Amino acid sequence: MDYKVLITWLIPLLPLSGWLLWGLFGKYFKGYSGYFASLFVAASFILSVILFIIVSYSHGFTSTLYPWIHAANFKVGISAVIDRLSVVMLVMVTGVSTIVHVYSIGYMKGDKGFSRYFSFLNLFVFSMIMLVISNNLLLLYVFWEAVGFCSYILIGFWYEKKSASDAGKKAFIVNRVGDVGFAIGIFLLFATTGTLNYEAVFKMIPMIPVFTTTVIALLLFVGAIGKSAQLPLHIWLPDAMEGPTPVSALIHAATMVTAGIYMIARFHIIFSYSPVASEVVLTIGTLSAFFAAFIALTQFDIKRIIAYSTISQLGYMFMAVGIGSYTAGIFHLISHAIFKGLLFLTAGSVMHALAGELDLRKMGGLYSKMKVTAITFIVGALALSGIPPFSGFFSKDAILADTYNKGFYFAWVIGELAAFMTAFYIFRLIFLAFFGKSNLDSKVHAHESSKMMTIPLIIMASLAVIVGFLGVPPFNTSIFYNFLHVDFKNAYNFSPFVENAPWYLLSLVSVLAGLSGIFAAYLLYIRKVVMPEWLKSAFKPIYALSYNKLYVDEIYDFLIIKPLFVLFNFLWKIVDVSVIDGAVNGVASSFAFFSVKVKKIQNGMLMSYILTLSIGVAALLFYYFIR
Amino acid sequence: MEILFYVFSFIAIFSALMVVTMRNPLTSALYLILCFFAIAGFYIILNMQFLAVMQILVYAGAIMVLVVLVIMLLNLSDIKSFKSNLHQVFIGILISVIMFAEIFFYISKGIQKKPVGIFTHALIKKIGNTQIIGEFLFTKYIFPFEIASILLFVAIIGAYLFAKKKF
Amino acid sequence: MGFFIKYLLSILIFFPLASAVLLLFINKKNEGILRYLSTFLSLVEFIFSIYLFVYFKPDTYKFQFVEKFHWIPSFGASYYLGIDGVSLFLILLTTLLTFISLISSYRYIREHVKEFVILMLLLETFMVGTFVSLDVLLFYLFWEFMLVPMYFIIGMWGTGKKVYAAVKFFLYTLSGSLMMLFGFIYIYILHYEQTGNFTFNIVKLYNTHIPIGLQIILFIALFLGFAVKIPLFPFHTWLPDAHTEAPTAGSVILAGVLLKFGIYGFFRFAIPLLPSATYVLAPAIIILGVIGIIYGAFVSVVQKDLKRLIAFSSVSHMGFIVLGLFAMSAISVDGSVLQLLNHGISTGALFLFAGMLYERTHTRQIADFGGIAKKAPILTTLFLISVLASIGLPGLNGFVGEFLILIGSFHNYTVLTIIATIGIIFAAIYMLRMFQKVMFQDITNPEMENFEDMNLREIVTVLPLILLMFFIGFYPMPFLSRIDPTVLHFISMVSHHDTIYNIIKLKTGLSNV
Amino acid sequence: MNDYLIVASAIFCIGALGVLTRKNLIIIFMSLELMFNAANLGFVAVSDYLHLINGDIFVIFVMVVAAAEAAVALGIAIAFFREKGTIDIDKANELKY
């Protein structure tokens, strides 16, 4: 076997074997399964880096492990495509996974499901790797669902808690709604092109009618909405924070939720040939970016704030891919993976220190008690707010600049507004949690976390600083752009540049938006120029809207879930039991009714039997007579 | 011959009517024997002397003796007739009459089928009806004949079981 | 060995019968011997059926292992056996599930053990016989014989309203199959009128020319027989009762094998015999199937009884299979056949778990459970895998079949396929709701405190099924490659009849749904 | 031949009348015998007309059956009488639902 192929397949197989090992023999490894699991993933990471180097100095390739489903003219294999896009994603996925694995060893220490946890985590890494390297839509769909399942099982990891298992179930089902759209898209694609292989599909796309392409693209996008938690299917992500925090960092910030962006980037040909679908992507992305940030303004649960922030940042990425700036989208994906992962991990560290406390109102003044955590958190927050020289600045700015230059001014304005709100809510969190008066529960003894947890934080924080420089503005000339753009050069250029505003002016606007957000938070929560309570009462309807998350859950509950359950009960109790079974039993009981009548004839009197018999004989004779 | 036929017919039908109308079972039984004799007479007219003899031996001899014996045994002669349901009597008569009418019409419509067999009166007379029946019974019908013997055997056991004091 | 392979099908039919006769001579007090011996014998039977798999030639659609003897020459009935890629796997499924359900009932069946094992083996004989008969009369005989042991299994060892359930099952299927018999005899006589010789040989009957109007009537007659068995909406109401009240082994066999006969009957008899009628009626049947998918899923959500929920989910799953079969594309039919196996495996496993839960707690009400995951991690893991297989999670068996069905049907029946696809959302809802309430959360019912995890016997019971789930999920090729030639031949056999259908469609202005 | 058949049917119907109207078990039995004989007469008459011998043979078997029936029926009558103290046919009414 070619060594490239070997490396390619070793990358997913290492975590897969890890899953089997810890899953089946977890109890024999005791506390060491975490170390081994991290080692396996780290090995995958190293191999990914090697593959990255190979690909950047040569060209991509595809490789088939074995034929999976061959039925009539439907042929799909377990096969991988290795090109620049997939190696970038591979390095990101395995890298973040490695860090999170190491962090988890400290975080999950002493949990009775230790091995189980690492087993599932490895399974997730396997699925995610396969998702990014798969070479056909079916395989993509398979691991698309598989990561959803891992998310289900990891969110509901502490299954005794009803809220946790509820959240897992909700995540799975909402994801499934998206997946159904995705699946139908695949069906339509197969019905039109007759194949599911990427290359073959992409060759066909320019030849099929735009309308069909649009429908396919929109259906695929439904899957992305579900997986990447965009409006209106975002409801599962905040609830998913019931899971262990490293899981939130890995799955619900860095990797799985970005699958939607990866998918659109991967299928950029389909999307670029359908401007309408791209518009929809842009719209949904913009709305999500804005409204999620809006909701995050007033939340008090730190993980939920970060979760809404994730939705918002994913919205930015969708904006990018919606305007055809795929490279910028992927760049933001990478930098977001790092700084959002960092934010979650630090939030986990805070939680760990405070024995699981998540409510902002019960924190405060933590800076003095846990310096490393606080500083790394602030680094992450600065990156999120888009303050140079942190990575978020470069990546977010690349997106917003493209939005402006391609003429989507409205989206640009919303984007800048959201950037302001982003900076505000994340620094509100910082000021409330790390500074100011301590509102801690007296029983809780806050302390810095162990080395096992802080070292990953430091690594992530330094990455958050470094990675940004891969995309030094102007983005179109940066290293990252030059590396990745090769893969997108076949895209149909549906939105050419219409403006050419200088990059530094646009950057200035973004930075100002971020800084003003931070300043506003500073004024409100540190200097207390205006009391937040006053604002709350002054803008009561808006506050309520934000605090109650736009009432989306309630609307779904009222409009969909409750009527459906009424329908279900109706179908069962009325239609099934009464109508159908009633009809059947009706036939049966009508027989019973007649037999009660008829059995009177059977009165035991021999004479009447004989009489009946002779009437019958007479009748028979009569029949012969008239015949 | 014609005269004999009508005489026998009259005796047979009259005694049959008597059988069903007499109140005393014993009287009925005696009329029944008379009826059997008349039927035996028919057989003789029809050249089946063997059957006529069998008729008298088996029916009048064996069966009727048995019946009379039972009547005596149960001492039924002095049990007066049971209250008959008028309703039922009426329907019975009606059905019987209808049935008879139907059969009568059916027969009088006539069955125009030519003789198919070879056993003409002359042949039967020549060979002798007993011999013919015997030959058939022990060659072609040997199997039913044997079955009949088993049936009788079973009947004996059955009758014995029924009449036994305790089941 | 040559002899063994040559008469393998007869051996497969009569071995369980001989085993049952053997068991007759064992004193009914020796329950242990009865159980172990019957398990062993069914294992031997399963091993025999593996020979079938090994010696099966994958690259042909022709009937294999054919045996043909005269049976009733004056009727043209013969003892004609043979299998193709479809019946091969159904036989394997039958023998495997019989073995498994015999092991699974060690604890559940406490009384009349002898009668139970004998009935199970008899049932196996009849089921295998039904799958291998290529003679309509032989098929019908086995088909009807099958009801008798099942009737007793439900009626004697069931729970609750067991006699009601058994009688309902019996009458429902019997009345359906009488209609079917009528259809068969009609075709038989038609064939006689056309060719002048009586034959029940299905391969010869395929060539009968039947006018389209008559085809439709006959198809409806056969349809009633098979649809009840599937069970297609609205003929499904016997299923929840029968499943719920039957003992575990009965439910497993019922769900795993008996439901397959309906589809198998369509595949082997109704569709090839009456192809034009199939094309005319397929949209209607598919609509029923899709209603079944959605309806079964909806009703499952609100079920309170564990087994009843699984039973309704069967209705939903069988709807998918009907959709795939009648969509008449090679891919979807492949998927349907594979899904037959998958449904047998995953639903069989679910019933086994329901049985285990019932044995421990003597309740089937979902609300009575909760928090079992804490007490029984192995049970939870394996149960979860089965639930996921039933949902159709990728990587497990259910996905492959379901996906093939949907992608194959999409071209011909776009809207209905989309509706069916939405059904898989509800599959996730009802299964996960159930699983959460049964396994997760905290223990609320104090009786669950003493819940024991699975013992070795129970693990052995479900392990083959769990392994199969993974195997089919990851590498379905050994199955698909054997099914595929048969299905392609099936499609080519019926597809030239769609011209007639197209003419009718033009005349009546029917459009594809 | 027709005359014989008419006589036979007349006897048969009279027998039927007896069976239908009377309640005495013994008389019913005797009426049955009448009907048997009517049938026999029919057999003989027809086989005489058609020049066959089968009907005559059949009569012999009917006689055998009649004899057997007589034995069993009278056995039943005795048993019935012992059980009920009467031979009223209407008292035999336990054979019902």
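A, B, C and D are the chain letters, set down in written order, and residue numbers restart from 1 in every chain.
Note that a contact is a pair of C-beta atoms (placed from the backbone, for glycine too) under 8 Å apart; a residue touches a chain by one contact, two chains touch by 3 or more.
Predicted model only: the values in this text are computed from it and were never measured.
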| item | value |
| --- | --- |
| Per-chain CA centroid nearest to the all-protein CA mean | C |
| Centroid spacing, where centroids are CA-atom means, of subunit C and subunit D in whole angstrom | 58 |
| Intercentroid distance (Cα basis), subunit D paired with subunit A, Å | 93 |
| Euclidean distance of C-alpha centroids - subunit A vs subunit C, Å | 37 |
| Inter-centroid spacing, subunit D versus subunit B (mean Cα positions, whole Å) | 7 |
| Shared-contact residues (touching 2 or more other chains) in subunit C | none |
| Multi-partner residues of subunit A (at least 2 other chains) | 607, 611, 614 |
| Sequence positions of subunit B contacting 2 or more other chains | 88, 91-92, 95, 99, 103 |
| Every chain pair in contact, whichever chains are involved | A-B, A-C, A-D, B-D |
| Subunit A to subunit B touching residues, read off their complex | 607, 611, 614-615, 617-618, 621-622, 624-625 |
| Subunit D partner contacts - residues on subunit A that touch it in the complex | 599, 602-607, 610-611, 614 |
| Residues of subunit D touching subunit A in the complex | 16, 19-20, 23, 89-90, 92-97 |
| Contact set on subunit B toward subunit A in their complex | 85, 88, 91-92, 95, 98-99, 102-103, 105-106 |
| Footprint of subunit D on subunit B - complex, ascending | 5, 9, 12-13, 16-17, 19-20, 25, 28-29, 32, 35-36, 39, 42-43, 46-48, 51, 54-55, 58-59, 62-63, 66-67, 70-71, 73-74, 76, 79, 81-82, 84, 88-89, 91-93, 95-97, 99-100, 103-104, 107-108, 110, 113, 115-121, 129, 132-133, 136-137, 141, 144, 148, 151-152, 154-156, 158-163 |
